[in-house]
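After this come two complexes, each holding chain A, first together with chain B and then together with chain C.
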Partner chain A sequence: MILAQQLLLGLLIGGLYGLAAAGLSLVFGVMRVLNVAHGELIMLGGYGAFWLAALLGVDPFASLALVIPGALLLGAILYWGLFGFVVRAHEETRVKNSLLIGFGLALALHALAVRLWTADERSIPTSYGGAVLSVGELSIPLVRLATLVLALLLIGALQLLLSRWRWGKAIRATAEDWQAALLTGIDIRRAYLLAFALGTALAGAAGTLVTVAYSVSPSIGLEWTLKALIVVVLAGLGSMMGTFVGGLVLGLAEAASAATFGGPYREIVGLVIFVVVLTVRPRGLFGR
Partner chain B sequence: MLEIRGLEAGYGDVPVLSGVTLAVGAGEIVALLGPNGAGKSTLLNCVAGLVRPPRRGRWAGTIRWDSQDLRALDAHLIVQRGVALVPEGRRLFGGMSVQENLELGAFAPRAWAGRRAALERVYTLFPVLAERRRTAVQALSGGQQQMVAVGRALMASPRLLMLDEPSLGLAPRLVAAILEALVAINRDGVAIFLVEQNVPAALSLAHRGYLLEGGRIVGEGSGAGLMANEHVRRAYLGPLAVRR
Partner chain C sequence: MTSGGHERRWAAAILAALALLALLPLAAPRDDVLNFVFLILLAITLAESWNIVAGYAGQVNLGHAAFFGLGALVTRTLWTDGIPVLLAMAAGAATAMLFALVIGVAAFRLRGAYFAIGTLALGEILRTTVGNVLPQISTLPAATIASYRLTQRYYLALGLAAVSVIAVTALATSRLGLGMRAIREDEEAAEASGVGALSLKLTALALSTALAGLAGGLFAYYHISYYPSHPFGPQWTFDALQGPVLGAVLYVVLKEYLALHWVDIHLLIFGALFVAIVLLLPGGLVQATERARAVLGGSRRAA
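What follows is the complex of A and B.
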């Protein structure tokens, strides 16, 4: 396979890295809570689409219209039941507490997924799944291209929501200074709830796109949490478009290192980026 | 009217206020004076709901606003009841524009409905902000930022405006501009509770004042009365003022 083709495929999965990271970034930026079960939420979104396709015959792209509201609701429930307690803690103890809760939730969701869907890898076969667009020597898988475009649209929609919607501004204000937000009359608990629900909705959407373009199994959670975390560190907090670009960069870097050093090195480049960015530019490429 | 009785408060096990009693009447300008660490900011933050008792703990004393106990309310609900705070250090949303900061000040549902009129009032009070409404606040000068901070609190249409050191770090000309604005705000019927290090400036506009030292009220009086008070002159105006 030629290098350009590998880079192209890296770019295409990079869009999903960006989408996966956007939800994690939103939750961490607003709540100062690190949800290590974010990858498991992505996994659940994938199975949501899988079930809609297998049981009801819903097209996987159309299933976004159901998965996203469902994930919003799940996010709200998880906030009420679990993460809402963490934000009552002092800011410095929040991350620690959220790690414990997140790991517990990740294990529980993983076990639940094995029980409901078995440990097998699943994907959603579609009639258009094999379609390829040929540009010169490059062949672009159309489904993966569609996931990249959708990821960009979803992040654009989130950006719009955060900059135009009254509560979107409240979420940004809470992220910047929660005490000042309280003083302007913002119910910051509600801002936290909305941020967590939106973050979960993004995870659900990412999971759907991952499953249609690639595949899903109960164990993909940790890998996606890690990718999302690397992108959040790389891009920094505060800019959703920056996070999307960070995802593309990680996808390209993985493809480049796999092409240069061989497949097994694909995963290592992300960790190298992680360490280098934290050392050289801790606030990330686009961080405020 | 704000009525504080026997208020005790602190951070963790460290007591800061011990038995503070004071009142701010409707339409009054009241200054709270005192040295660093006396508990002035803590007092304002208690009223605004930012400083709260530890989870299972209780503090003695009451904070009443129109006979309602503010200590039972979350901070965002206190703003909705008409008590706004301009916090120390301004605490603006730096990445947002002047107008976005101001509009967020009217976030509470009732204030939101009247935000356009409130915005016009703020722009009339501080015309320079109208010119820079699209500018990110972090690009403004300190004085303009303080105007945004005051304006943001006004957007909630408060009946009591509390300010924590609004003149801190500002050039004298800008201090005068801020204080003039406070007088104009007061003329519209808004009570003002002002914490200030700049004692002459504060007492020049305050109807009454309190002295807070070591977490206790150690003196009170009219603005002119405190200005003439020997202790105030020695402690807050320095030896030059005493000799004069």
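What follows is the complex of A and C.
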């Protein structure tokens, strides 16, 4: 029964792993630029929700309506100011310099967050925070269940956007083959900009949900970048729902690993997944 | 990339400077001076070792701290158990290299960012796990502290920095280094002309991570007390990758200066400065000075 409870909690956090990875996967798939500061964007989203709750008393779930547009704007600014320059470079320079820029950005944002919000761990207390749904002997924290459902809805919305919206199709075409997309008259710069802004918006939403269900501190960035990267490797590029499922798998695997080897070793499973997937199926479970 | 002769001249200048530094403990036997130069030497070793994989094999290692940390962990454990420190450092370097090869064989088969992801994952997962399993601070026993000699550590650091400069120069001017540069420029063309890309990348990685492991061992030998997870922290990777971009010496001097004067925001300034330099001078300071010299030399010739 304890094992079932642990696996359940793993599944619940796995939804957020999937959401965190979806934004990264979108940017990586379209721009071939790996933003290693993705976790720091998640962290900023979390502090956005924290500020809205602490200063204006906005309910953390309602704050998504403000955090997502704010993150979209931040993503556009980061694209114009930083990543838009590297995407023009040829492949090797692009990969290398985008990694270096992301790493520098991650350090700077971490230092900025410590300066603005101190290094303390913050959470958002709500009246419904302790509510639990009991199913048999399992107890399901309602807030965490809500974050899982919202993560699924957001990824579904993204999937819909990419398949139905005119610019969504342009983004997918650019991911598929940017030269062919350019030849058919697609403004690939705008596709890049939209992909990066959407990826940042997903990071902001993920950060809000992480802060509601768990907590936020300036140092969570790298940890979330890492979870997202492992899910991207596990799921592969090209399927948003696949990424969500990949997140759930990582959450379950971590819980199983913690239950088997003890809590201190729960992170090791991510590294094992990384090496095994790249060796056995480098395209990832759902990659095309 | 520059010619072999150019590389050798650079290396000769650096080695001459290191030889002069060998006299420093006699000329200025002050702990603060020796500690400061020690940090510069450690940064040089890390930067040179990181650059073997990034500069010659064209792969960005974002988890250099993992290999530094593994070297530190193994060295500290064996050394405090009574094994001679040089032997312990060798074991640390071997452990770092072994882990690197496991990650490398998986990630190098793919192009682009997978190696960066794998090394970043290795670094962070080890940092978290070591922090979980060994939460206690590691302090040297009182007897060791009583017999602690800073000059020993200083000379070891000097030697290691010299070894890494020599190793990188020897590599740059060798057949092996030529092959690595060929992969960096165009992997398919290199493979077609008989260069085994995977084995060369793995060789570069083995050399790079062994040096990083030795640097970690030096850290474990130098520091009296630290948390075992500390050497796995991403700031060590940042220390390493600043080198080729900013120059290790300039980096340490600037960092110490900023850390003294702007304690809480020095990393913010540093991160921003680093991003700006990558954007403005994509090839780093060395390439920028070379380009400037080429422009100046060209105009002189024209005049």
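Keep this in mind: the second predicted complex is superposed on the first by the 287 of 288 C-alpha atoms of A that agree within 3 Å, B and C clash if a C-alpha of one lies under 4 Å from a C-alpha of the other, contacts with A are read in each partner's own complex, and residues count from 1 in each chain.
Quick note on the criterion: a residue touches a chain if its C-beta (ideal position, glycine included) is under 8 Å from a C-beta of that chain, and two chains touch if they have at least 3 such contacts.
It should be emphasised that the depicted structure is a prediction, and the values quoted were computed from it without experimental measurement.
If you count the residues of chain A touched by chain B and by chain C, you find the higher number for C.
When both complexes are overlaid on chain A, the residue A:T118 reaches neither chain B nor chain C.
Judged by the touch definition given at the top, the superposed model places A:V95 against chain C, while chain B stays out of reach. In the superposition on chain A, A:S139 makes contact with neither chain B nor chain C. When the shared chain is aligned, chain C comes close enough to touch A:T279, but chain B does not.
When the two structures are aligned on the shared chain, A:R166 is found in touch with chain B, with no touch to chain C. By the document's definition of touching, of the two partners only chain C reaches A:L105; chain B does not.
Overlap of the chain B and chain C contact sets on chain A: empty, with no shared residue. Of all the residues in chain B, the ones that touch chain A in their complex are 48-50, 74-76, 79-80, 84-85, 87, 91-96, 100, 103-108, 111-112, 152-153, 155-156.
Across the interface of their complex, chain C is touched by residues 28, 32, 34, 36, 82, 85-86, 89, 91-93, 95-97, 99-101, 103-112, 114-115, 222-223, 225-226, 229-230, 232-233, 263-265, 267-268, 270-271, 274-275, 278-279, 282 of chain A. Interface residues of chain A facing chain B in the complex, by the touch rule stated above, are 166, 169-170, 172-173, 176-177, 179-188, 238, 288. The part of chain C that touches chain A in the complex is made up of residues 54, 58, 60, 62, 102-103, 105-107, 109-110, 112-114, 116-118, 120-122, 124-125, 128-129, 132-133, 184, 234-235, 237-238, 241, 245, 264-268, 270-272, 274-275, 278-279, 282.
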